[in-house]
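Following are the structures in question.
Each of the next two complexes has chain A plus one other chain: chain B in the first, chain C in the second.
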Partner chain A sequence: METNPFIWPFTIGLLFISCFLIIIVSIWISGLSHIDKSRIVHSIFTRKSLLAIRETFMESLLHRKIFRKNLVLGYMHMSLAFGWFLLIVVGHIQAWNYYRSLSVPAYKAIFFRYFVTEPATTLSEKTLAACVDLLLVFILSGVMLAYFKRLNSRVFGIKKTTKLKAGDRIALTALWLIFPLRFLAESVSAGIHHNGSIVSQPTGQILSSLLPVHSLEMPLWWAYSLALTLFFVSLPVSRYMHIPVEVVLIFLRNYGIRIKKRIDGYSRIQVYSCSRCGICLDSCQMTHAEIKDTQSVYVLKHIRNKNLTDEKLFNCLLCGRCQSDCPVGLSLNDLRITQRIESTKEYNSSYEYLKNGPVEVSPQTEVIYFAGCMTHLTPAIIKSMKEIFAVARVKYWFMDEDKTSCCGRPLMQVGQYEAAKKLIGHNQERILASKANKLVVSCPICFKVFNEDYALPGITVQHHSEYLLELMVNKRLPMNKMPLRVVYHDPCELGRGSGIYHQPRLLLDEYAEVIPVKNEKETAFCCGGSLANIKIQMNERNQIRDEALEEYLSYRPDVLATACPLCKKTFAKSNKLPVHDIAEIVYMAIQEKQNLQKTEYKKEMKMEFWK
Partner chain B sequence: MKDFGFTMIKQRTIDYDQFDGRLLNEVLEMEPSFKVCLSCGGCTATCSAVDLVSFNVRRMNLLLRRGETVELESEIKKCMLCGKCMLVCPRGINIRNVIMLIKKSIPKYKTVTL
Partner chain C sequence: MKHIVIIGGGIAGIETASALTDAGHWVTVIEKEAQVGGKLNNWSYLFPDFTPVDKIKSVLQEKCSEKDFSILHQTEVSSIHRKNGKFNIEISGEHQLEADAVVVATGYELFDARRKEEYGYKIYDHVITSADLEQLLLPNGDLTVAAGENPKRIAFVHCVGSRDEKSGNHYCSKVCCITGVKQAIELRKRLPEAEIYCFYMDLRMYGKRFEELYREAQEKYDIEFIRGRLSEASEKIDKSLLIKAEDTLSGRPLKMNIDLLVLLVGMEAGKGTASAAASCGIGCEDSGFLKTADSFLKSNFSEQEGIFLAGSCTAPMSVNDTILHARSAAQEVNNWLLRR
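Our next item is the complex of A and B:
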């Protein structure tokens, strides 16, 4: 078989990147826990692999999620990824078809038009050649958009793009050169040998009438080969590592592997899977407070470059907005928490003062009620809950009426996992000792940790919005729809954090009129009060809050409803509209009905009297 | 120190000649909001840990300013980071960050008080 020296840079580059990827992925996978490794072994020949292949196709190649976010951006990513993929596949088929053999070396496919100088004759050859031409044009349109995006990113719905490092710059330049060079090389060859197809042939003819194509052919093929090599060699130090690593991520995720409370191979894979698309920058409300360098994309980049500071790591609300928008589906919150655990593991705390005395609870107790530290700062919520318990005749034990430790979630959010475990152990023991089988929690922050990190066998944990809905459905609460226009604010820890969007709305709908707003449920705002951010200043929190309030106010609600004491407290401080917890609204409605009944009764009594 | 002939209880003495302000300066630099604490005691009054143990957030400020690192360390170990103090503070001070910063840097500066 004929060859040419320009295939060598390409072949060596391809060999290098293949070996590099095999080695690094093996290191990451060997860093997984035993359980995770056995998960891989047991899932590999199951449906999960098929699902992973499907997901790889939809996300890594078609970029469906980016399409949903923005059409032009989606097209750009798709034309590059899917186009390139098809070009490789079709190129190989073309080579197999021509040489009538499946063992054609890769370079024969990649540099096909250089090696095969005679024009396509059979129908299959002609079709394949035309496909390759069209695919090249398709990819080039994406490359054009990419040039344009660097110049003007606003067209893509992305307000900010990320800054580039040397490795990224080299890989980016290489990527931008690969396809134009290939197109030119093919066209020039077509101009000389008349072996082109629908696009390259006319281009080749034009070029040959303008330029000395014979002396350009070799330099162009060399340049194409070198651009490919440059891309392969710079891949490990550039963000384009996400292209191969994302595929690994999709497979492992489908096998059920999740982020742990420590850094392991899987968290490394997540870090390398970030494409730096910048979508998370646009989701982040901290930009409203001019905090613009601590968002997920930067944190991931700093983790990779090993220069992450605490100032950046801890300046995040863990609101989860970026996570729900991330097209790669990275577990951004958990990743950040893992990183925080790593950075604070030397810190000391000691809660020896937490003594577990006997828990005296009557055996008829139906429900354990845990208000939470934050709820103690909003006594109206506690009062409403107590009254509702009384109306529904529920026997409950108020676990943290006085003297109870924190639930542990705030410690968890700042990475103090070991410290949190001490509080969890203490509370867990008290809950289990009470022998009740339902735990009702007023604060979504507590709710999340009770749900996810406590071992409470046989105990149902409910947020009070779920519990009140249940009481209402079981007809244990009086009904009364008030003429009140309400906007419901989804608390981060309850909504995105625990997936509870519908129960509070169903409940509220029975007692007031809920107005849907633009940013709700998965895209709901954070109130800005989050305990997860220990670096943010009060005035910055206020800016974030006001920005969210502005949208809510545009719907002219009578009341802003929420289901979290911290959200309530944060919004209430603005003094722009009344803010009530969902429990307060339910209690208001019940009270209104009771008062109405009382006056009716009095009226009746009066009538009786005068009869 | 000059001896004026008074009896002094050793533990109660603060020797400002040996005052070590490194931790204080670092904390104030990283969390400047702490400079405006007016010692109103709001944080202490609401603190979740106070209900359970003798613990005083406001005293943390005092210990920090006096450079009494050993006491400071054993004091802030008790904080559960629940965040109530931050919500009641009239000056909007980021108290939890102060605590985290102290936890981070205290091993570096811990001096044994004589």
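Our next item is the complex of A and C:
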């Protein structure tokens, strides 16, 4: 078989990157827990693999999520990823078809036009050659957009972007050169040998009439091979590691593997899957307070480079807006919490004073009510809940009326995992001892930890918005739609954190008029009051809050409604409009109706009297 | 004859008006309420010597009736414009006044205690503010709580809405410490059996006879002062209150059952102050109070020539400080008019 020395850089580069990837992915997978490893073994030959393949196709190749963000940006990514993928596949088919063998070395496919100097003769050869040509044009259109994006990123819907490191620059330069060089090399060869197809042949003819193509052919194929090599070699130190690693991530995620409370192979895979596209920069509200170096993309970069400081790690609200925008679907909040757990020293958390005395709860108790410490700072919510329980005749046990330990979530958010576990254990025992089977929580921060980190078999955990909706649906609450224009603010821990968007709206809609706003549900703002950030200054919090309020105020609501005591407190401090929890609004409506009924009753009584 | 318009008919406004009238000027006072006196009308007795407010009020009333200045009641200023060295003051949207000088004496607002929701004001029955208590301290005031009984245990919370980053007010309201001491003593006189506690951060007894009164409160009237801020209050079924705080001197958390909670609310700049200030080109401090041209030498001057400031629109101020500030404002206005 004929060969040429220019294939060697490419072949060595390919060998290097293949070995590197196999080794590093093996290390990561061997760093998974036993359960996760058995998850892989048990899932690999199931439907989950098919789903993973589908997701890889939709996200890694077609880049569906980026398309949703911006069409031009989506096209750019798709043309490069999907185009290159097809080029490799079609290139190999072309080679297999020509050599009538499946064991053709990779370079024969990649440098096909160099080695096969005779023009395509059969229909299949002609079709494949045309396909390769068209795919190359397709990719080149993406490369052109990439050049253009460097000049003007706003067209692509990106306001801010990340800075490149040396490794990224090398890989990026290589990536930008690969396809133009290949196109030139193929066209020049076509100009000499007339072996081109629909695009490369005419280009080759033009080039041969202008340039000394014979002396250009070898340098161009060498340059193409070297560009590929450069890309392969710089891949491990560049952000383009996300291309191969993201595929691994998609498979593991489909097998049910999740981020743990400690750094493991899977969290490493997540870190390397970040493409540093910078989409998270645009959604981060910290920029409203001029904080521009703590966003997820930077934290992941610093984790990879082992130079993450606590200043950056802890200066984040954990609102999760970046997570819902991330095109790779990284678990950015959990990753940050894991990192916080690792970098936090356990402090005085013996909690020896917590003693589980006997829990005396009447056997008829329907519901355990846990207000949470933030709700104790907003007693209007507790009062409303108590009144509503009375109206609906619910027998409940107010678990933290007097003395209870914290739910553990704020400790969890700042990385005090061991301390949180002690509180969780304490509360868990009390809840189970009560023998009730429903736990209603007024604070979304507590709700999330009860839901995710407590072991409460047989007990349904509900946020009060879900519970009140249930009471209403079961006709245990009077109905009364008030003429009140309400904007509903999704609390981070309830919305993005726990996926509860609709229940509060359904409930509110029965008692007031809910006005939809631009940034709601998945893209809802954080109030700025988050307990998860222990670095931020009060004035910075206020800036974040005011920016969010500005949007809400533009809809001219009578009331800003929310379902979290912390959000309520944060917004109420601004003193710009009345802020109420969803429970208060329900109680307000019920009370209004009852007062109305009373006066009507009195009127009727009077009428009867006069008769 | 020069015409001076004074905005606000509280202590500062009336005192300035009276002094300027004495100096031979034509003075008009614009007051948004039906009566003069401003926030003084909500108070019963004044620290540090329990002077009945009526004494001060009657002097103000006398000045209003005897001196030759006019008061426009239930009138508000819509805009102020400078024209040919004079001020055009549009009032209640229709009339216009022309003035040679303007004195802003718009006073303060009480901090709305509902903004510290954790204390339960207007949510729990027996949480009141110092202003509410002042009415109850009158001889016919009803101090009883649930079941018609007198409160057995009472707690005061200092610095509600002052020195509090969370409510956005970083400054000290200056008068609440001594108000708390005064009211605690008055309560003790009415309720000899009750336990009375004051929760404080610092006690700032800056004025004449303040420190002595504070000592008396402890030694003679047996009022207990606990250094620590209240974190929250909750209401029990019998409408009594459970409060949680930290005793920072003994370094431990504490919980207490009480029958009445009094919030010593601070002072804030009036709601319309910022917009009013902007409309006539004078500035506000970060605290929201009006900016004086120099804190030592020109405490009655605004940033605009011809617009003067008097009283608690510039900073939290006690009644006696307000009277002095108003008199000095009158002096400055007079000197300024003579120089022109």
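Keep this in mind: the second predicted complex is superposed on the first by the 604 of 611 C-alpha atoms of A that agree within 3 Å, B and C clash if a C-alpha of one lies under 4 Å from a C-alpha of the other, contacts with A are read in each partner's own complex, and residues count from 1 in each chain.
Convention: a contact is a pair of C-beta atoms (placed from the backbone, for glycine too) under 8 Å apart; a residue touches a chain by one contact, two chains touch by 3 or more.
The structure presented is a predicted model; accordingly, all values stated were derived computationally and were not measured.
**Student:** Could you classify chain B and chain C on chain A, in the superposed arrangement, as clash or fit?
**Tutor:** When both complexes are placed onto chain A, chain B and chain C end up clashing with one another.
**Student:** Could you look at A:Met538 and tell me whether it touches chain B, chain C, both or neither (first, second, both, neither)?
**Tutor:** The answer is both, since A:Met538 touches chain B and chain C.
**Student:** A:Val414 contacts which: chain B (first), chain C (second), both, neither?
**Tutor:** First partner only, chain B.
**Student:** A:His376 in the overlay: touching chain B, chain C, both, or neither? Say first, second, both or neither.
**Tutor:** both
**Student:** Who does A:Lys569 touch here: chain B (first), chain C (second), both, or neither?
**Tutor:** The answer is both, since A:Lys569 touches chain B and chain C.
**Student:** For A:Gln364, is the partner it touches chain B (first), chain C (second), both, or none of the two (neither)?
**Tutor:** The answer is neither, since A:Gln364 touches no partner chain.
**Student:** Scan A:Asn152 for contacts with chain B and chain C and give back first, second, both or neither.
**Tutor:** In the superposed model, A:Asn152 contacts neither chain B nor chain C.
**Student:** A:Glu401 in the overlay: touching chain B, chain C, both, or neither? Say first, second, both or neither.
**Tutor:** A:Glu401 contacts chain C only, not chain B.
**Student:** Any idea whether chain B or chain C touches more of chain A?
**Tutor:** Partner touching more chain A residues in the overlay: B.
**Student:** Is A:Ser103 touching the first partner chain B, the second partner chain C, both, or neither of them?
**Tutor:** Touch status of A:Ser103: no partner.
**Student:** In the superposed model, where does chain B crash into chain C, at 26-34, 44-52 or 62-70?
**Tutor:** Of the candidate stretches of chain B, chain C runs into 44-52.
**Student:** Would you tell me the residues on chain A in contact with chain B in one complex that are also in contact with chain C in the other?
**Tutor:** Looking at chain A, the two contact sets intersect at 376-377, 402, 538, 569.
**Student:** Which residues, counting only chain C, touch chain A once they are in their complex?
**Tutor:** Touching chain A: residues 115, 117-118, 120, 123-124, 165-168, 231-235, 242 of chain C.
**Student:** Which of the residues in chain B come into contact with chain A in the complex?
**Tutor:** Residues in contact with chain A: 30, 33, 46, 48-49, 51-53, 73, 77-84, 86-88, 92, 94, 96-97, 100, 103-104, 107.
**Student:** Name, in rising order, each residue of chain A that touches chain B in their complex.
**Tutor:** Residue positions touching the partner: 310-311, 314, 344, 346-351, 353-354, 373-374, 376-377, 402-406, 408, 410-411, 414, 416, 419, 423, 529, 531, 534-539, 566, 569.
**Student:** Given the complex with chain C, which residues does chain A contribute to the contact?
**Tutor:** Against chain C, the touching part of chain A is residues 376-380, 382-383, 401-402, 538, 542, 569, 572-573, 575.
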